[in-house]
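Below, chain A partners chain B and then partners chain C, in two separate complexes.
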Partner chain A sequence: MKSDGQKNVPAIETRGLTKRYGGLVAVEDLSISFPKGEISGVIGPNGAGKSTLIGLIGGALAPSAGEVIYYGEDISKLPAPERARLGIGRTYQLPRPFLDMSVRENLQVALFSKSPLMSRREAAARTNQVLEQTGLAGAGNIAARNLPLLRRKRLEVARALMLDPKLLLLDEVGAGLVDHEIDELIALIHALNDGTRSILIIEHVIRVVRECCKQLAVLNFGKKLAAGPTQEILNDDNVAAVYLGAAHRTDPAAAGVATLTSARRKAKPDRATLLQLSGVSAGYGQARVLDNISMRVGEGEVVAVLGSNGAGKTTLANVIAGSLAPSAGKLEFGGEDVTRLSGDKLFSRGLAHCMEGRRIFPELTVEENLKIALRGDARRQTAQRLEEIYTLFPVLAERRNSMGTALSGGQLQMLAIGRALISKPRLVIFDEISLGLAPVVMDQLYAALANLRDSGLTMLVIEQDVERALELADGAYVLKQGRIVLSGDAASLSRNPSLRDIYLGEKS
Partner chain B sequence: MMQENSLGRSMAHPLTGSVAPALIVAVFAAAFMTPGLLGNYEVEIAYRLMLYICLAEAWNLLAGYGGLVSLGSAAFVGVGAYAFTSALNAFGVPPIVGLLLAGLAGGVFAVLVSPAVFRMRGLYFTVGTLALGEALRLFMVNVPWFGGSRGLFLDADFPSREALFWWALGLLALSQFLITVYTRTRLSIILRSVRDDEDAAAQLGVRIYRVKLVAFVVASMLMGMGGGLQAYKLGAVEPYGMFGLPWSIDILSMVVIGGLGLRYGALVGAFFVITLAELLADYPEAHIVVTGLVLALVVRFAPRGVCGLVIDNWKRRRSETRGSEREVQP
Partner chain C sequence: MSFEIIASNLLSGVLWGGILALIALGLSIVLGVMRLINLAHGEIMVAGAYCALVIGSLTGLDPLIALPLIAAIMVVVAVPLQQLLLAPLAGKGAEAPMMTTFAVSLILQNLFLVGFSADTRSIGQGYSTQPFSIGPISVPLIYVLGFVISVGIIGAVYLLVNRSAFGRDLRASALDPVAAASVGVNVRRVHALTFGLGAACAATGGVLVGIALSFTPTTGAAYLLTSFAIVVLGGMGSIFGTLVAGIVLGVIQSIGALVLGDGFRDLVGLVLFLAVLAVRPAGLFGRRT
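Let's look at the complex of A and B:
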């Protein structure tokens, strides 16, 4: 490689880089550079332009102005495939696998587009190696369509690795992982940093940033707020103000499991049962994911469902919301047997489902996305209901006429929550809603949820972050391999030592 | 040592999967050479079957593997037919040269229109190609060079029924060879990545435009040759017939009924539609209604067509017999 001799040439550098979408400036006059052979990070609030920056470097987006310099070469005009061939690999924040191809084929796209004449043995060896490296070894022949969200994220990384990139751009690959999975991810990122490869990480999981990145850049409103060594940046007051929030200045690992402000809530016994599951089993095809689940959610109660990835939490949410029919057992909602009802019928009975992965209609505006959830009589109060949601998430009001596609990841998440709430449901299922949110937004979000709880909304919260979930919830159920292994009220669960074991000891 | 299954399906030896296509060609040839097996009527049907299999294979490559759902097949069939007729009339070349020129014309035409049609994606591409066929038909009617709306007569001897059969068999063999190579090799992975997500493929170094163009040209060459052969059979070409929408629609129906994006979808679909057409030959209106109905039912209840139904059933059977093995993967 020609530039290897020049030690000072950065892996990637932007000069006056600007990207406008109509009137909106996503990235403005950004001049930033990241050294080669090292792991660097970009942090910032949702909507700060982080993913846009990845798009501009990877070539998916054309800059409105400015230059992108890669190992000393101006690549601003190069189309995306040529940049990939030069060694820039990227992942998508919301995974975009080739759905109708196997995982193995997904990986081989990069291999065969770059070197179509590679020997079969070499291609297979390389594919197997990356599958192994990214923890997808058993999944090679599964169609990407059948992978759950978090494995799709691994596939994103695996696919980019097949390019053998000199610069790897990772867009929020840590979101939604539990502790020991984050350990694995950090180990993987360190393993990938072999001295010549440069890695650029965009991440809200501060642990990943702290333990991987040598230097950080902070973006806010498309501009560089700060840049420097990781520790310095994380202790910076400005950064704390716009991004980290107060809670993260202390080391969360030292905080231990939830210090519950349990005095805030008096036990509220004898609440009428709103949702009751009795002996529910469910699965996909031959694979049984849920096994004999029984649980109860009372009127006005907040119940958390905890468990590591693959435990069956999202499947449980899908069964309750009516998008997956149970193979056995009974579901009752408001005293009515709803086992065989489909999702739309359940929705009209007041059960809203805020799905993992956001599921926003991309061709509709923010306001239209919200209005879609208003049915029947509720339509007469459209203005008032919209106002309530906008009060909860002011940023949605600012962007009410933007298309779904133009929103940043965090804004999409808020929109998804708003859409679930606007119909004034009797029960809302929140599935991994904090995924991909900046820490400071997560604080706001949980404050908002606490307000909703205090106003009497019944919620079923599926969450990776045990502390937050238990702080919010009245009671919780812990899933492991499709069964409930622990349940009880939040305060006693948080003191239960086996909870920690279930999360941390999942490796066996 | 690499184990067989660690190589994965797509990496299987290129010879596997080329047996069945060779067998199909052989069955046609054997049936024809068995004395007394096929009468004139059957030979006629076999010709049509082979022609349509070839066209449907080409379309399946485009739409099923490349995601380029085209309603412009008629344009390429028509270009091939006119190229064949003009070449024989003007230069007196032998039919084989005429057919090759017809294929070449189809391919060149594809290259010429690609900058325009590839600007459009998804449904827009489909509508764009529909316009292409119709525009070309109007062009042929209105320009003075190709006999206008009356078309051209071929100044060559009518081929015998036997000769036509062999020509069609050759075309079938060529299409089976090309499509097998295309769908069993690395080209297929690249092409399908473009089908599933163009942007993501680009980020992995796939040169989208080039990949689409190659598939488009290969399919268009096959369609052009099919058109040339049909012109040879008819002895005359005219714009309404050769550029007619029915070509595009028939080919599409075959592939959708047989199984879009599945290797034997085109074959099964062509058999199905042509058999149906023959059974209902005396009731042309009923034929259209029944085909339309079948198409609607397939789209609604078996989106992967007849082949998809068979594959799913087979998979279900297999997993029932060894059900316990699959429970590990959620």
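Let's look at the complex of A and C:
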């Protein structure tokens, strides 16, 4: 990084930075620097120490050793609020707005913490400006609780922007968004880069990294694996091996639905019906999320539920699994009317739900998290059932006595899948299992699901990634604003041009 | 002040603290698992004492022998009470169930008044006044018995929560009820049984209090406050923390009574409670969230 004058002072630099949690080294002797005024990225497998790095830079975590240098100043000892005042702003991987406050209030809380004496008018003007900038202009008076995921992520960015940061840390803002939302996100990130502000992105969505970042660093096991210009790094063989997996390297252009080529299985309409929904509607309070849904899953079938954020996919999963009662319609499982049954009753009839967000019990050990799903007679086969799950995911066996909190994202997801499978259910609902995972881990998980499919497990798969979902599934239903707008077997759906329109939001 | 008096007071503070910890444990697990502030906890404790009184007068059974019976009766009464009054309020916010328990506490107090009058009662037994001496140090024998019984029950609850399949369901329900239901845990049943367990702890403690000291229909309020102090001090959800906090509070109450006079017992405890809230809001052994 040679350049004139003060340009060669990096925005942020770490020297020998180390963070240990007990015996676990999350970041080890990391020396890395990111230029100012530019967008840089950090990628790496789950558990590589990326979020720890953000925490160390933002001040939420104290380093075990080493220094953090911000515009030439050692800030290693400063607490987080002090760093925020110096101009380091950050977002969190999982948006955490104040749920009962409006979007506007959420932003003003952030502003007040920095400039308590700012006049009301000035504060309002600043708030409006940020709302405009982040595309939330129409949402100022909505309670944060009622924002869908994409907008919560925007709010998260907006909150950080209220402090007018010189260095903005974005922690996985792309996770869980569909293609056209990612387009919007990329545009937003570019708009934030006004030439003086430095931005550091941690991201699994490779498109965001490729289209935004000039510089890229790759972490693996808490150490720097590679660093340099983005394109070089993305074509690096080592990076491909530990992180990207094969698919992303060969074809850097975003693979669309139409390019789907892999072999698909035929639909099996002759299979006996396992799950049947007839005219199901549901919602939360006054808000109706699902409207007159009818669908069918046959024994041994894999059915995908597709749709953009806020289409009602997770609500549908919650209704089927019994954690949300439908307001109308009928649910049948194995020929029995289960409309009014609660989650635990449905579970005992063989319906397992691998919930969105993994929902691992953090203060139970890995083994306890698995054992809890063994009930009644199944408890007598505990050792054998555990062994089957450990064979499927050997890393869980290694960590069987660790607490749920000590696992990386990929391990948590494996545990969630294991927990859903251990009871030998007749139907498993997998809700967004690839969310926030490194591409190479996603490949592993989907390979595991393909094996399960081939062994005859009936699955309902909710997924953002159309390509992956249709590759796995026999058939699919596409939701839009709580209604089924398309359905059919996977092969014909993936050739259907209107899928792309609905899913990518190009037409309404 | 002689060494003997100070040492005897400190020891009885430790032993008394064990009994307080048992009562507080009932409050703590109900709070931890059900997120319910049970304002009727003190009255449930007093109900245990009256129960022992009635059983004693009807059958002549020693109250300590009758403890398992009293605990069982409380479970049998408390579980339907929870299912009838509290379960329907699930998912309706934290206030409604809490106010319901407040109503239950008022109703119980008045039932005690009607049934037993406002007289101060005590479950008189030979050992309630008998001393227990180690050299020059002397404490009431019932304190020693009460401590052993309380610590035994607390240990049993610890094993139940941390080693059994029911305990696993209980911890999972406390952490994430929706996810717990999705892996087959009957969360409503766990809540009902937890409430029963909490009531049994309170009632057992109430019997010990009734033998060691005395009680009236309104005694429960003071023990509710003490229990809150212990739960906060020990950190919510920590059984070991509850035991230690109970003993700490027992000792501090003893010291307070010794230095300032017996009437200052509760005051000293509550001042400590506020001080801990200010300095360590998550309690001495609690996890910060």
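Criterion: the second predicted complex is superposed on the first by the 454 of 508 C-alpha atoms of A that agree within 3 Å, B and C clash if a C-alpha of one lies under 4 Å from a C-alpha of the other, contacts with A are read in each partner's own complex, and residues count from 1 in each chain.
Here is the rule we use: a contact is a pair of C-beta atoms (placed from the backbone, for glycine too) under 8 Å apart; a residue touches a chain by one contact, two chains touch by 3 or more.
Given the structure is predicted, the values throughout are model-derived calculations rather than measurements.
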item	value
Combined model on chain A: chain C and chain B, fit or clash	clash
Contacts of A:419 with chain B and chain C, given as first, second, both or neither	second
Which superposed partner A:464 touches (first chain B, second chain C, both, neither)	neither
Contacts of A:314 with chain B and chain C, given as first, second, both or neither	neither
Per-residue touch tally on chain A - higher for chain B or for chain C	B
Residue range of chain C overlapping chain B upon superposition on chain A, of 2-10, 20-28, 92-100 or 128-136	92-100
Shared contact residues on chain A - chain B and chain C	none
Contacting residues of chain C [partner chain A, same complex]	165, 168-169, 171-172, 175-176, 178-187
Chain A-touching residues of chain B, taken from the complex the two chains share	2, 5-11, 186, 189-190, 192-193, 195-197, 199-208, 261, 319, 323, 326-330
List of chain A residues in touch with chain C within their complex	321-323, 342-344, 347-348, 352-353, 355, 359-364, 368, 371-373, 375, 379, 419, 423
Interfacial residue positions of chain A with respect to chain B in the complex	58-60, 79-81, 84-85, 89-90, 92, 96-102, 104-106, 108-110, 112-114, 116, 120-121, 123-125, 127-128, 138-142, 148, 159-160, 162-163, 283-289, 310, 312, 315
